[in-house]
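Going in written order, the chains are labelled A, B, C and D, and every chain counts its residues from 1.
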Amino acid sequence: MTPKMLLLPVLLPAVLAVALLLLPRALRLVRDALAVAGAGVLLYYGFLFFSVKDLRYAVPWLGMGIDFDLRLYHFSSFILLALAGFLFLIAVYATVKMKDAPRGREFMAYVFLTAAFANGAALANNFVPLVFFWEGLLVTLYGMIAIGGRPTSGRTAVKALLIAGFCDFSLILGVGLLWSVAGTATMSEIAVEPTGLAAAAFVLMMIGAAGKAGAMPFHTWIPDAAVDAPVTFMAFLPAAFEKLLGIYLLARVSLDFFKLRPGGAMSVLLMIVGAATIVLAVLMALVQKDLKRLLSYHAVSQVGYMILGIGTAVPVGIAGGVFHMINHAMYKSGLFLSAGSVEHRAGTTELKKLGGLRRDMPLTALGFVVCALAISGVWPLNGFVSKEMVFHGALETGYTVFAVAAWIGAIFTFASFLKAGHSVFFGERTTDVPEVKESPAAIVLPILVLAALCVLFGVYNKLPLDRLITPVVAPHAEAGAHLDFTGHALDLFNVVALISVGCLVLAFLIHRHGFLKGGRKAYLASEPFHGLPGIRQAYDLAEKRVFDPYEQGVKALQGLSLALYKAVDRPIDFVFEKAVTAAGEKFTGILKKAHNGHYANYLAWCLAGLVILAGAIGLLAK
Amino acid sequence: MSNTWYLYLFFAAALVFAGLLGLLAKRNLIKLLIAIEIVGKGVSLLLLSTGLAKAHILTAQALVVTYIVIEVSLVATALALIINIRRQTGGLDIRSLTRLKG
Amino acid sequence: MILQTALLAVLVALSVLAIALKDLLRSAIALALASLVLGIVFFRMGAPYAGVFEISVVAGLITVLFILTIALTKSGDEVRESKLANIVFPVVFVAFLAIDALVMKRLMGKVPALARGGEAGTFGEVLWKGRTLDLVGQIAVILAGVFAVLALFRQRDKHE
Amino acid sequence: MIILFVVLPLVVAGLLPLAGKASKRLLPDLLANATLLFLVAYAAVAGRALIADGPVLQQTTWLGEALGIRLVLDGFSLFMLVVVALVGLAASLFSIDYMEHYGAKGNFYALYLVMIAGMNGLVLASDLFAVYVFLEVAAVASYALVAYGLGRDELEAAFKYLMLSVVASAFLVGGIAVVYGMTGGLDFAAVAMALKELNAGPALAVASALFLLGFGLKAALIPFHAWLPDAHPSAPAPISAVLSGLLIKVSGVYALTRVFLNVFGLTPALSTVLLWLGAVSAVAAAFLALGQKDIKRMLAYSSISQVGYVVLAIGVGTPLGIAGGLFHLFNHALAKGLLFLTSGSVQRATGTRDLDAMGGLAKRMPVTAATNLVGALSIAGVPPLNGFWSKLIIIVALVQAGHPVFAAVAVLASVLTLWYYLLMQRKAFFGRLNETWAAVREAPFWMTASTVLLALLCVGIGILFASTVTTWVRPAADVLADGIHAVAGSWGF
């Protein structure tokens, strides 16, 4: 294993991307085989690199502190492995799902190009290559949405590009500031206190990293993309890759580059961002009527847990945040893939048109339910473990309010997944969707693999915690600190876990309440259900379409959700989409009017400019 | 000699300013070109008087000669443009040349 | 020096006339006269070659070009000049002259300057040994002017 | 023999009208392109070896006597020569097909080569007045080239361009006279040393302002920019490409930086003024570009904005900032040249420049659309294209030099740039094919070939940016970063 090998995760996918693009349409099978095989090779190397862990490839580049520097160490090898795993699953899935898509070939090429940039970003150990790879992701993001093939795809792509571009540019600004404060662009050598100018750098870089992960208020393109972009894209970028990279960078920023202190201003800032994202996004998720849109708001909400966890700056919180990142990537990816599977067969993801698909698509349903339970934090799945750690971390800082926010998020996460799961897979078949079959193996397998991983990481949490998470946190914990997160990970009998369970119960009660008010019969109770008994009863209690709990029981909540949707989400969207445009156009109009074509006017500008410049230089010289 | 430099500069400035005022106020294309010529005269006077003040009159003379040659080229090009504009628009008013704007 | 000052004053007066006169032909002639005066001023400053150039090229060639153009473009519609400008701008000009007269001497006193030794030789030597590059530039600019005029008066090919 | 850069195009230009008599198209095409190809080869291949041991000072002799032709080739001028030759060659290749229906090709190429000679002369000149002379050579040729179509808009644009330019150059000569009056010299080296000795305050401020007007108008910095959005779109496409890609950079940015950094020395006051000029130009022109319906006018405003970017970077005055600025100058020359050329292909195929009337042209003109996309993304600063790197370096340099606000402004300009280029792409090339253009065909061979050449350069430099920067940009930036020492110490004849 030579240092040069580190170029492989960057170059191989890039070459593959070009090859996939060049292969003619007729050779689709070759193309698919190449994609899956290439992803397989990358996964193999992912494991290989994970076992090596310490490698650095640095060549001088431009001078002035700009080197081409790639560094493999524990954290980056972990991210690299995760990226490779998701790439493999997505590649398999896309062979079927994107088969008939009009621009499937370009999509595949974009996937591998994204992987190349993402691997580069994870490995980069100098700011300039980091920014380069980071910006490269912007291009593929735009491209993948733009080829969505819907009338509004182009608009959404531009919106995504502008929002993500804003975040990226603030990252660049932050990088520049940090570079000048720290005096070096080599990432492994930077460790500064977040005060003064460095604090500004921290905030800017935080915007860049959290924006990439999709935190509020940089999220509004995600729900739109859910509708306008291929669903595979959603499982790939917003659900998995962007979270992994964004949180990876956020962790690097707050742990390595800056010495975040528990309870410090920057820590509290991060926790506020995290908590706000959790609560606001989940409330918005409640009122969504489309499965993909609903999932996408959860993709935003869950980022809040990660940011909150890292923001606590205490070991258990950080570990929880990072663990939540990998967990979330698994179950959210699984959920989007399940939605894609449903879309593949039923042709729609609108909740009111779907129902009872459990019988037709049992495996998809199984995968969806497991992932939904995991995201809701049900014992003993992985989501439970990582959320508990975040709660503990938040409580440890003394700011109980953030833990409360996180619990509120847990309640509504579960509630909305009860709604989603019920309306798609349970209840009565609707007439909108004809008899359907289970999706082909290439679609179902990735879902089941992800679901199985969710179970594995929950039940056998020692594996991920000891092998992946603890080594990340260890260098930042005080010497001799207690770093065994596994002992009580599944312990249900402590106050925190009991409150969490209480939250889940509360979510059930919301449904129950709504159901009783509706006065409907619970005929779903007779349906056999191969899941967990608690869930089954909860679903059984809800009788009609899942919107009714809100229509009947929690009108107030719905009002609040809608109000928030209108008062927070749309204005942010408005700022990005309308206000900026309008202001720009106004300004442009004034400037254009000034250019009226009159020579004397232009000459007057020149002479005025001359006088002003002479005065300015003269005054400044003094 | 340098104590009379300011005198030349006074007149050079007057010429340049007169030319600029003409450029701002006049509308006839040929008039504008005449105004440019006046500015040019001011500048060549400035150039030569500077050389005089520095006792570099020979060099300054060379510069002025080059300046004049350039001026001729410019005037010829400008006049050719004006004749073409006259053919196209039927007039010589600078105010009719405002199609390009915004 | 008095004669020189008087000549310069005449030069400015003629220039103002060249701009202010209504009739284009007359203002072209005023411009030619201004050039003539400037040529004489150049002579008196000890720059005979510049003077000759000013008189022959500017007062001669350029005036001919101007008159030619005026003849070619004459035929009817006069350009209406702005009345307001005709009133305001002379006032501004006089004000500028006053300020110019008041501050120029003081201003020039403030310009720092290095004392330098004078130059030796004849005009030809200075031009040839010192500023030959300008000659290349002159050739280039004449070429540019000739090609420009040729391009602007070319017959458009009718093919296509 | 670096004087060849000036004399060769001039001689060929002089021969061209004669050649045009013998053969209306073939000979002018051949001669002009061969000349530029030679210049590219000479500058790119031999140039590096020439300046390996420091700047080349060449005084031409004739019959054993030293003439007053003193040319200097250093890292900065070589860099500019390469840019001029490259973009000049691409545009003249494009002209082979494009200028067919304008007629009088011999005359066209003659003017074109005189303009190239003027720019090369300006770059190699070693004294202030020679800079002015060659600036005028290029300018006179450019007035005629702008008006080459002889249409109403072309004439209007050329006339206003000429009238504004002439005033600016008059002030420039005034500035030269002031400096001459203070120092008694015109040589860069002599002036630089004398100014250092003099420590001139207000008088130099006035001179600086005069130079800023003179060069700033050529560079089209706001508020001296008003001629550019008229002149550049009106010119034939290859000329637009050269004006935007080269002329504003050579007679604007090059002259400005050479004089301010190497001769006057960049004082904090000048630096501040340059930063402001650059920032205002970059942002205001970007807004103006956003509101355009004419594809070439949009590109023209974009040029103002990008030159603002370059000046902003050079105004920082740090080695990194200067390197970023020069690299951006190089990238913008290639990309904007490319964009104007493709806009010419579109105009030739459809007969319109109105973005609203276009649409879906990518289906009919795939090569043009693809190369245009490369150019647009490059200027907008999208990786891995060349423009990304230069913008990144500029932003980092601004932050490092303690100008976070200007860095934010640069970022804003970048976002706006991306915005209007996406707008242009969407309106012109993507979307549904406008029925009117169903019969439109891809541009002829030389037009596509020259755009492909530039597009490949954009991509290639993006990928090999490090070696481009170290080979070409750094030597140039080093000269500028050296300040007056680069000139005062080693340029004496």
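A few comments on the model shown:
Methods note: contacts are C-beta pairs under 8 Å (C-beta built on N, C-alpha and C of every residue); 3 or more make two chains touch, one makes a residue touch a chain.
This one's a predicted model, so the numbers in the text were calculated from it and none came from an experiment.
Note on connectivity: the fewest steps through touching chains from subunit A to subunit C is 2.
With each centre defined as the average position of its C-alpha atoms, the distance from subunit A to subunit B rounds to 65 Å. If each chain is reduced to the centroid of its CA atoms, subunit B and subunit C end up 5 Å from each other. Averaging C-alpha coordinates per chain places the centre of subunit C 30 Å away from that of subunit D.
With each centre defined as the average position of its C-alpha atoms, the distance from subunit B to subunit D rounds to 26 Å. Looking at subunit C, one finds that residues 113, 116, 127, 130-131, 134, 137-138, 141, 144-145, 148-149, 152 touch two or more other chains.
Residues of subunit A in contact with two or more other chains: 592, 595, 597, 599, 603.
For subunit B, residues that reach two or more other chains under the stated contact definition are 5, 20, 23-25, 32, 51, 54, 56, 59, 63, 66, 70, 73-74, 77, 81-82, 84, 97, 99-100, 102. Screening every pair of chains for touch gives A-B, A-D, B-C, B-D, C-D. Every residue of subunit D that touches subunit A in the complex is listed here, in rising order: 160, 163-164, 167-168, 171, 201-202, 204-206, 208-210, 212-213, 216-217, 223-224, 226-227, 229-230, 267-270, 272-273, 276, 284, 287-288, 290-291, 319-320, 323, 377, 382-384, 388-389, 392, 395-396, 398-400, 402, 404, 407-408, 411, 414-416, 418-419, 422, 426, 430-431, 466, 469-470, 474.
Residue ranges on subunit B touching subunit C, taken from their complex, read 2, 4-11, 13-15, 17-19, 21-22, 24-28, 30-31, 33-35, 37-38, 41, 44-45, 48-49, 51-52, 54-66, 68-77, 79-84, 86, 90-93. Those residues of subunit C that touch subunit D in the complex are listed here as 110-116, 127-134, 136-141, 143-145, 147-152, 154-157, 159-160. Against subunit C, in their complex, subunit D makes its touches with residues 6-7, 10, 13-14, 17, 60, 65-71, 100-101, 103-104, 107-108, 110-111, 114-115, 117-118, 121, 125, 127, 129-130, 133-134, 136-137, 140-141, 143-145, 147-148, 150, 178, 181-185, 194, 197-200, 202-203. Residues of subunit D that touch subunit B in their complex: 129, 133, 136, 140, 143-144, 147, 150-153, 155-160, 162-163, 166-167, 170, 173-174, 176-178, 180-181, 184, 186, 229-230, 234, 291-292, 297.
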